[in-house]
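Next come two complexes, and both contain subunit A; in the first it sits with subunit B, in the second with subunit C.
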Partner chain A sequence: MLIKRETGFLQRFYLLEVMKGLFITTKNWLFSKNITIQYPEQRRKYSPLFRGQHYIKTTNGVENCTACMLCPTVCPADCIHIEAGERADKEKFPVRFEIDILRCCFCGYCEEACPKDAIKLSGIYEMADYERRVYDKNFLLIQRGSK
Partner chain B sequence: MGTITFNGKEIPFDEGDNIIEAAKKAGTEIPHYCYHPGLSIVAQCRMCLVEIEGARKLATACSTPCNNGMVVSSESPTVKEAVSGVQEFLLLNHPLDCPICDQAGECSLQEYSLKHAASDCRTDLNRRTYIDIDMGPSIKKNMNRCIHCTRCIRYCNEVGDIYEMVALQRGNNTEIVTVDDKPLMTAYSGGLADVCPVGSLTTKDFRFSKRVWYLRRNDSICDGCSKGCNITVSHEKNLVFRLEPRENQEINKWWMCDEGRYGFHFAQSPSRVLAPAVKGGGSMESAQWSEAGARFNDLVVGAQSIAVVASADITNEEADLLKSSLPKAELYSYSPSVDSSSEDKALDHLIRRKDKSPNLKGLEGRGYSAFSKFNPSKFNLVVYASGGKVRPPYGIAKLSETTVGLGVFLKEEVDGFDVILPGPSWLEKEGSFTNYDEINQHFGQAIRPIGLAKPMSVVLSKYLADSVWQAG
Partner chain C sequence: MAGGVDVTTFELTAMAIKLGIVLLILLHVAPIMVWAERRICSWMQNRTGPNRVGPFGLLQPLADAAKFIFKEEYVPAHVRKGFYELAPAVSIIPAFLTFAVIPFGPSIDIGGNLVHLQLADLNVGFVYILAISSLSVYGTIMASWASNSKYAMFGGLRATAQMISYELALGLSLVSMIMVYGSVSLQEITQAQGEVFAFFPSLPKWGVFLQPVAFLIFFISIFAETNRLPFDLPEGEAEIIGFHVEYGGMKWSSFFLAEYLHMTTAAGFLTAMFLGGWQMFPGMYTAIVALGLEGDALYWTMVGLRVLSFAIKVMVILVFFIVVRFTLPRFRYDQLMHLGWKVLVPIALVNIVVTAYMISFGWL
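What follows is the complex of A and B.
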């Protein structure tokens, strides 16, 4: 609905309105705090609950994962691919553990489903790349933690 | 026939039924571990306790036959408390290794602890542990998970008919072992994994290959021998992971042999021929379907005398189709171990038969003669139809002038063939087998044909000229 506002005599000169606007601009320019930060050097503090790049937690150098397949079962994007195997020091371990990161929607269900506290989402959010990467087991075993 | 009152409802029972069976027919499951319909009753897991009116104590439903007018309750507070207590005792020593246990997802212990046990654990005692000794190529034992139901011992004694598993020690320390720690000798060892209600005995073949909740199941018939055992095919993403027996009282009851159980691997063998091939310059070269089909048609049209040799694992429908599409041809069936079904006999007390092909009886009924009467020099063209596991007789392709292979072949067998037209194995098609007892059983398709394999009906109708079909 169109509302027609009455303009007074002084307002029709515009000079006073321009002065008012300039005053607000000057006030913000001189006295307010900067919103932007110097990104690569300065970083924002994120919540510890932030869900970023994945990693598999290790204990004494051995991966916690037992290839129980609960994370691919719960994954809504179907982006986790695991192949189970057996070795001398561990009854069941993931021979292949791949995350198709472009499919991942970072919902964190995998972390929630994991009974062994193995798959974790770190605080790392810089995941831009020049190629379509699939995270393999070696890459995921880098302990990232949260920043 | 009579009726019992079960949980306030009148349910009928057949003569000789115990309470578990009567309740099962009425659609209620009474939890049980040691009871199996195919094994003797020992009533030692105490999970199936029910309250019977007039009885002083709770009774085990597995060992109590139904009596007319009996009033039984499986939902009274006393029963619930007792069952939850039994379940708690069983979980006292059970390791919480469901993430690495192959049984997880189809484990009675998981199901019943969800339904009948308390959600928390009141003990912090150490769980008993055992050192497992290898039980041979088929079964992997994990004694820590065992709940001492002794189904495996009874299975060996009563089904395998070989006394090779025993329980040592007693009470909490009971250990199930093979006698003198020898590997299992029975030809039915895979069934131990089926009867074990927990993950103590699992098959090495299926070990860690898939979690069971991913698997989709289709009913089928085993193609391992002329018995025709009813099976369930578990598969995911067009790959078969295991076969399990399906109850059929007339044929295999609840069981199947190891040979049939592990016999499906040939269909997924890396050396299976999955694309049509024609002979070119001495060796087989893969070709387009149109090219191989046209070559097949040319050979059939040009041949003076044709023989169809069908390995006895093609379906009855395919046998009929070959007969009607090649009316000029003489028909022979081939089974590796017997020449005709009259030589077939049972190899043991239970399931295994001498004839290692599923459909020899069906082919004989359709006018296919025995392979011993086959004289290759008489024919210009031999069409060898293979349905799967039965391997063609050695050097069949080199006996006649030209040979066409239709169906499942391995790369090392196709040397000497002129045309190979890959077809589906029995897992990938629908049809029917006639077993040694003349029982005709239909089975459905479990997975899609692998590779470029095409069903025989498509191959014959698409590539053979109409004149060939009408030649008769």
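What follows is the complex of A and C.
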């Protein structure tokens, strides 16, 4: 929207206005605090609800997941791939559990859908890599916790 | 200096040393200014700026220079080769030349020989600066024309128009200064500024107090002269990218080296003309007298303080350049012409007339 402001007599000379502007910038320069976060040394505190890198929770060294296929069903990005199998104690378990992290949109639906509290999203957000990673089961079983 | 003039070995050595020091300082001003510009701008915007390379990020310009040198020397296919290569040199050489006549200290006495702390005390004085610094626009125009590109061309055209509308006001504001001091030699003008006003002895007769209007016009004009914001129309990063749009790597950065050298010279010129040059700040003399120095010690302290005063004044002006750059928006093309022709030139002319009357009545 075009807002027309009245230009006063003094403002037409600009000089006073320029002085005001210079005063503001100089005040900012000398007296205001920097808000930059020096990243690798200082980190921003994120909420505990932050949705970052995935992991599968384990109990006594065994993954909680029973390969119920709820998370691949709910996943909007269709990036979870599970192959179910049977353990010696007749328990269903995922033989393969892969998350194509490049397609993941970090919506957190998988975490919400999971009845066994198995798949979780940690607070880790530094996921840059040199290759196109697909997180496999071994990787997901590393317990990351919420940072 | 050569030819029929007698040149002693002492003078030659002194000249070589002065030249070396001035060149060294000038070459270092640009990187330090780049650093200062980035730091101050970020502080003004509540950021931190480059602070990783070296202490306080001071080595950042070195890293930048290394980057520029190792960049590919790419020459676009559509440019006019010879002129394209020549343009950065053409804009950088006048920038180096202009500092020659600016006195950065008093004449000092070394074992009976007088050494002027100024590279060349030409009899044309600052007219030389005006002449040479106008040459630098040729570098800009050459770059824009040889680039064979629309946007570069616009930059060049703007540079020309800006030059014409500002040189005039700049020159006219200096005319009144010539009338006041009766000289064009910067050394003499600086010396004249050492006096104090009769009615208020603690106020020195600096140009800015004698000719405030001329000072204002000159100050505005040198922003245009050095292509700094708010008058950086030839560059105009946001709209046309400017006359150096087809340049890259070291060639591009030499335009910037030239710009910073111009700023330094302009700041030195302004200091010598209006801010008392190497004259000490009011109060400094009282302070060293109070310290009880005598003879040689007093003499050399005064020389040191005078050079220091000059350096401080130049630095303040340079910092002011930076603060202004990050405060004011760019002028539009027609606004710039309007300001140049319809505001500054008439004011400068009126100022000349008023000055002439004041001189003829003996008030100045």
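Worth pointing out:
By definition in this document, the second predicted complex is superposed on the first by the 136 of 147 C-alpha atoms of A that agree within 3 Å, B and C clash if a C-alpha of one lies under 4 Å from a C-alpha of the other, contacts with A are read in each partner's own complex, and residues count from 1 in each chain.
We adopt the following convention: contacts are C-beta pairs under 8 Å (C-beta built on N, C-alpha and C of every residue); 3 or more make two chains touch, one makes a residue touch a chain.
Everything quoted here is computed from the prediction, not taken from an experiment.
Steric overlap between subunit B and subunit C is absent once the structures are superposed on subunit A; the two fit side by side. Legend: residue contacts after superposition of the two complexes on their common chain; A:I35 is shown touching subunit C, with no touch to subunit B. In the superposition on chain A, A:R43 makes contact with neither subunit B nor subunit C. In the superposition on chain A, A:L70 makes contact with subunit B only, while subunit C stays out of contact range.
Contacts of A:R103 after superposition: neither subunit B nor subunit C is touched. Applying the stated contact rule after C-alpha superposition, one finds that A:R133 touches neither subunit B nor subunit C. When the two complexes are laid on top of each other via chain A, the two nearest Cα atoms from subunit B and subunit C are 49 angstrom apart. Looking at the complex, you find that subunit C touches subunit A at residues 40, 42-48, 216, 323-324, 326-328.
Remark: subunit B residues 98-100, 104, 207-209, 211, 213-214 touch subunit A in the complex. Subunit A makes touch with subunit B in their complex at residues 66-70, 73, 84-86, 91-92, 115-116.
Those residues of subunit A that touch subunit C in the complex are listed here as 15, 18, 21-22, 24-26, 28-29, 32-36, 38.
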